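Below you'll find a set of structures to go through.
The two complexes that follow have chain A in common; it is paired with chain B in the first and with chain C in the second.
So, the complex of A and B:
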């Protein structure tokens, strides 16, 4: 009956939620384009039903009941679609905060490995949300790195080990020559970004 | 309990058996045979999101002396039958809630609200309290080393939790673990 498809979509949303909760860096699974399309088709069918019922309005409890059931089915479908999209958009927002806000704000494309899994609208949303984040950071609060690490700093200087070759990297505070396996004793504030990006490992 | 809450939506999709109070033509698809009318007193399984509204909305009064009946009437579900309530009363902590329903608490709250069922609310309240103690006991005995599987008794307990309790367990467990990690790294 109506609403069964939406149920499937919600199960998918639940799975997505669990996937994201268990390993934080996981990518978003594929957008269920076909299922969403089918649900939308069901909604338009329900809408035609509702309009038809309205035309042959003769009042009474029968048409009232039919109308109610139709409306409730539509409402249910709407709720499921919105919840599914909300789950995904929350993941996208956290992506925008955690990964797109790096040092030089290098271009967004390529940062999300799963951009193929996003629907067209979601890609647009992600782009615009990242823009909003960067706008906020370059506004009045420019002195604070809003997308920086949330763990409170405990040491001024730390030891780091290079995990990936990156050649010479110019940061705002100086030049590092990152050769795999080498170690540095540096100020934490300088290398925080490189740790986030996965070039360095804190010791 | 939000509009976008996935668990809540899943709970609202649970089917309950209901009885129709009127003949309604054109609604046969609820029963699985479209094109026919839905007969009065037909017993069908309806999801909660549909049934909870239809059980409140009333049809028109046919005669003035009669009270208007709602479109559908809930039949008392297996989930809250006296058998289950007795099982809860006797030994809540070892009860396998997950086998009754994955969304037991959410549905219990909805049901108790719908019918102002004070007794059921009391039973569930007490049950949650007793089980929460057990959950806390299991969640607090965490080992700091990552990759150590939970003990057997915890594993069996986890299988019997409903979705709400699983969330509770996970959050308690993570809190204890993080606190322990922080203390040991000082």
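So, the complex of A and C:
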């Protein structure tokens, strides 16, 4: 049947969604290049059918019905393709909010090692969206760090343990020497970014 | 013989507290927000705002603004639709936040220069925590709105194009959100166009197709159930919507169209209700979502 391939693609999209929901370190699975390609091929085939049906108009009721079903198949394929792409773009957008906009904003490709998994257009989208996010942060709301933590602050000072060696890291409020295994008692606002990046662990 | 003199006492009270509350209002403003040089002109802005708001009899103070912001935040997080953006309120809050951060920096500098023993760190600590909290609320609020803008971007565009609509997008969104809305839908459309829609036949290339078997424009789920608390009008002022039920309690009457049934929402009660039924009460601040 015509919609079967698209159905497979939707299953893939569902799997992607579950994968992202279960573990926070979202690594987007491979873009299903050939499947999308096959579906698009199917669509163009359907389109040729539709054009052919359109030409023999004297068919009456039967050809009208055939034409309608062909259109419905195309529509279904379109819907599935868009849904798949939309799921992926949403994951990318959340990636842009969570991980970028930090100090290592520029090297997106270095950070997300799955950039090979993205299609060319998705890479472009990710780049542009990250740019948009950083633009948003420098607008009126410059005092409110928009990409900051969405868990409410409870303590002013917290204990943190260093998980990964990071050498000397400059925060806006001073210099820390982050040696693996050492502990600090610091202001939460200072180290929030470092926790998000995974250098520190909150105790 | 009982003579009720409460109104006379209230009159007397108002006389004495008039100066008190006024000075308290001023001093609190100085304490919490520290207008430095911009003191004068900001006051002017406040006055103007107050003039605009006299109809609702609201005094403007930092605390009241914060309460208001938290209410907006809570409503926004629960409501299925995008609510109107409180332009004046956000302007004031961001301005205060900015001032307070500056003030904090100045204070901590002062600490570095001359360390008084008697000066404790406690006020500084409290102010920092307070700033962090306010920042969190604003951040959460804005992020929530951005999420909704993403979700309803096609719907919002439809609203914008629809001339007959009463609300313009300018009231609904802040300036920055408008920019975000435009740019994000632009790059998202580019992605879809390049990867899929370009290869589609001509008649299927629209992203906002409403003729097909499935409507591609997601409208908010108006029938969503929400929890609400009936707050009523602020003081005992007359309220045209408000009515009294048999037990003598003040209440609002709403009608559920599907069931053709009237429901009394007594003030102070908590209800679970479909959103579109209580939308007009929410607009007028009579109920809050929880």
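FYI, the second predicted complex is superposed on the first by the 197 of 203 C-alpha atoms of A that agree within 3 Å, B and C clash if a C-alpha of one lies under 4 Å from a C-alpha of the other, contacts with A are read in each partner's own complex, and residues count from 1 in each chain.
Criterion: contacts are C-beta pairs under 8 Å (C-beta built on N, C-alpha and C of every residue); 3 or more make two chains touch, one makes a residue touch a chain.
Owing to the predicted nature of the structure, the values given are computational and were not obtained by experimental measurement.
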- Consider chain A as the common anchor and indicate whether chain B and chain C clash or fit when overlaid. fit
- Look at A:52 in the shared chain and tell me whether it touches chain B only, chain C only, both, or neither; answer first, second, both or neither. neither
- Message: Is A:79 touching anything from chain B or chain C once the two structures are fitted on A? First, second, both or neither.
- Response: both
- Query: A:121 contacts which: chain B (first), chain C (second), both, neither?
  - Reply: second
- Item | Partner, of chain C and chain B, that touches more residues belonging to chain A | C
- Once the structures are superposed on A, label A:3 by its partner contacts, choosing first (chain B), second (chain C), both or neither. first
- Query: In the superposed arrangement, which partner chain does A:145 touch: chain B (first), chain C (second), both, or neither?
  - Reply: second
- Message: By the touch definition at the top of the document, which applies to A:156: first (chain B), second (chain C), both, or neither?
- Response: second
- Message: For A:66 in the superposed arrangement: first (chain B), second (chain C), both or neither?
- Response: first
- Message: Please give the least Cα distance, whole angstrom, that chain B and chain C reach in the superposed model.
- Response: 6
- Contacts of chain A common to chain B and chain C in the A-superposed view 72, 75, 79, 82
- Query: What residues of chain B sit close enough to touch chain A in their complex?
  - Reply: 3-7, 9-10, 12-13, 22-27, 29-30, 32, 47, 49-50, 53-54, 57, 59-60, 71
- Note on the structure: Residue positions on chain C within touch of chain A in the complex are 94, 97-98, 101, 125, 128-129, 132-133, 135-136, 138-140, 142-143, 146, 150, 174-176, 179-180, 183-184, 187-188, 190-192, 194-197, 199-201, 204, 207, 212-214
- Residue numbers on chain A that touch chain C, as the complex places them: 36, 40, 43-44, 47, 50, 72, 74-75, 78-79, 81-82, 85, 89, 93, 97, 119, 121-122, 124-125, 128-129, 132, 135-136, 139-141, 143-146, 148-150, 152-153, 156, 187-189
- chain A - residues contacting chain B, complex: 1-3, 7, 10-11, 13-14, 17, 60-62, 64-66, 68-69, 72-73, 75-76, 79-80, 82-83, 86-87
